[in-house]
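After this come two complexes, each holding subunit A, first together with subunit B and then together with subunit C.
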Partner chain A sequence: MKLKVGIYWGAACGGCDVAILDTHEKLLDIAAKMDIYLWPIALDFKYDDVKKMEDGYLDAAIYSGAIRNSENEEIAILLRKKSKVMIALGACAHLGGIPGLANFYTRDEMLKRIYIDSESTINEEGVIPLESWNVKEGELDLPRFYNTVKTLDQVVDVEYYIPGCPPVPLQIYSALSLIWDDMLPPVGSVIGAGDKALCESCPRVKEEKTISEFKRIQQVLPDPEKCFLEQGLVCLGAATRSGCGARCIKSGVPCRGCYGPLDDVPDLGIKMLSAIASVLEPKEEKEIDDVLDTIVDPLRTFHRFSMPASILRRKKE
Partner chain B sequence: MKRIEIDPITRLEGHGKITIFLNDEGDVENAFLQIPELRGFEKFVEGLPIEEVSRVVPRICGV
Partner chain C sequence: MEFEPKLVGFLCNWCSYTGADLAGTARISYAPNLRAIRVMCSGRIDPTFIIKALYEGADGVLIAGCHPGDCHYQEGNYKALRRYKLLKRILPEYGVEPERVHLEWVAASEGEKFAKVVNEFTDKIKKLGPLNMKQSIFDSMKEDIVVHESAGEEKGGEADEA
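This part shows the complex of A and B:
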């Protein structure tokens, strides 16, 4: 019997959906194994269609995107109720992703910049979207924009995670095949990815790392054969799960951690700081501080994709 | 007044819903397109190192 699946996006860019489509001819295999009951980017099902389903009707819900507003959360709760298995697809659902960078600000700071202060906006009355608004024909409503971006598993139980921004299409396919082959690993597992650090499969040559200064990529002409970190360029490969195929590194830019931390590592950023601390050249505290001070914007670098999932979670208010 | 909600609108990149109000004759009295989506790149790219911006903003739209 074919599996019944719902695919949804919360606060997302659609890149995860496109990654599913980018499985190319494997899409035919997916279509042979699964019937889709919700997929806004590609098919015309409505929320009401999902609400009418019996609980547990879907074999799996595949949710990409972070929880940014009340609609994202409501649909996550709805799909959780209607699905036997909940899968977080991509860095946003898994870790908070790029939308999670908003956790360095408050809700009010966000709305003020976006709707009032931005250079391309004329909004003399300072209007911001309301959750409820009366027009003469009736009431209109919009979701609540939350103060804090959350990961999917901060609002519902999640069985499996397919990491990446976006996930590699063939990794998505192999993860989905675990469902129809009935080969799913223990609940809580990351699927469709490696189980070692990206460094271990990095094609660049690693010699002995001793860093005396961090540089920005435009300040050097990086050696394409050599480890980025050894050249003083912050690269998160030492703390990041493999599975991406080192696609950024092969494109000449260092890893920013979209595949997230390894098993049993609660916080990618802290793990990376610890990895960096062990390869600094100076041994005296003052000199160590001086070297670390050469890292530009460390928090948004080490938690580029993972701020909502980190121990910090958000900026202190 | 009768109300029709098309939620979500589909087969496009992004989120949206359409609310249509019909009058007693069954004609459209008014219709509203609403965008229940906001991530706020306008704010969170502020102060980001310039070499990192080109790695963040492709995530505005991945389609």
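This part shows the complex of A and C:
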């Protein structure tokens, strides 16, 4: 019997859905094994179709995107009720992802920046979106824009995580095949990824690391064979889970950490801070400061994908 | 009642913990606010420990290690210094005053210095006031609570424990 699956996107760019399509001819295998009951980006189903299902009707719900507003949360709760297995697909559902960087600001700061202060905006009356508005036909609603971006598992129970921004298409396929082959690992596992740091599978030559200056990728022509970190380029491979096949590294770009932390590491960004700071060359306070001055925006760089899933989750107000 | 800060101290086994011990055996009295945790080396202190301590209710964290050049493991205290320096830079991004984390070199013979450091640090945090990290983060999620009638309430809507 074919599996019944719902695919949904919360606060996402759609890249995870495209990654499912990027399985190319394997997509035919997926279609042969699974019937899709919801997929807003690709197929025309309505929320009401899902609401009418019995609880636990779907075999799996695949949710990409973070929880940014009340609609994201509502559908996450709905799909959780209707599904036997909940899968977080991609860095946003897994860790909060790029939308999670908003946790360095408050809701009011975000709305002000976007609708009033941004350089391309003229909004003299200071109009910002309201949650409800009365028109002659009745009241119109918008979802509530949250103060804090959350990961999927902060609003519903999640069985499995497929990391990546976006996940490697073949890893999605192999993770899905675990479902139809009935080979799923213990609940809570990260599937479609490795269990060692990316440095383990990085093809570059690694030697003793002593860094005396950090540079950004646009400022240098990196040596194609040598470890990025040793060349003074911030690379998050040391604290990031493997499984991506070092695709950025092989394209000449340092790791940005989208596969998230390893098992039992509660905070990728702070772990990376620890790793980077420990391999600096200088020992004197003044010289250490000079090197640290060359790291641009360290916390957002280390927490590019993982702020909502970190220990502190957001900025204190 | 006067605010009594909760302070966590990570003390290296070879110098600073011994220094704290000396303050005790010499019967020097100092502020009782510091909860000492012995670690083998200041280089063992993962910044995750410090962030976790602040999240779980510490108002300040003290790191104490051997003086530069005196590390039992040669380089551990330099690593601690670099991590401390970088951590201080990022704390304001979390809305935390960087003064809440403090590093000091305390040798095994410096019992008096240890007492002085703890007293000064306690005074400094008293002036800064309580941190309340966990509570303030949960409070800021309160306006994110929405009742989802159509979906039926389940786990959502709460600023639940991570």
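General remarks:
Quick note on the criterion: the second predicted complex is superposed on the first by the 308 of 317 C-alpha atoms of A that agree within 3 Å, B and C clash if a C-alpha of one lies under 4 Å from a C-alpha of the other, contacts with A are read in each partner's own complex, and residues count from 1 in each chain.
One rule holds for everything that comes next: contacts are C-beta pairs under 8 Å (C-beta built on N, C-alpha and C of every residue); 3 or more make two chains touch, one makes a residue touch a chain.
Everything numeric in this text was worked out from a predicted model, so none of it was measured.
Of the two partner chains placed by the overlay, neither subunit B nor subunit C lies in contact with A:S177. Judged by the touch definition given at the top, the superposed model places A:T148 against subunit C, while subunit B stays out of reach.
Shared-chain residue A:S189: touches no atom of subunit B or subunit C. After overlaying the two complexes on the shared chain, residue contacts for A:C13 are found with subunit B alone; subunit C is out of touch.
Using the contact criterion defined above for the overlaid structures, shared-chain residue A:F104 touches subunit B and also reaches subunit C. In the three-chain superposition model, subunit A touches both subunit B and subunit C at residues 47, 104, 300.
Interface residues of subunit A, counted against subunit C in their complex, comprise 47, 51, 70, 73-78, 80-81, 104, 106-107, 144, 146-148, 150, 154-157, 265-267, 270-271, 273-274, 276-278, 280, 283, 285, 288-289, 292, 295, 298-300, 311-317. Residues 1, 3, 6-8, 10-15, 19, 21, 29-30, 32, 34, 36-40, 42-44, 46-49, 51-52, 55-56, 59-63 of subunit B are the ones touching subunit A in the complex.
Those residues of subunit C lying in contact with subunit A across their complex are 43, 46-48, 51-52, 54-55, 68, 78-79, 81-83, 85-87, 89-90, 93-96, 133, 136-137, 139-141, 143-144, 146, 148, 150-157, 159-160, 162.
Contacts from subunit A toward subunit B in the complex involve residues 9, 11-18, 40-48, 68-69, 71, 97-99, 101-102, 104-105, 109-110, 113-114, 118, 129, 135-138, 140, 142-143, 145, 165-166, 216-218, 253, 256, 296-297, 300-301, 304.
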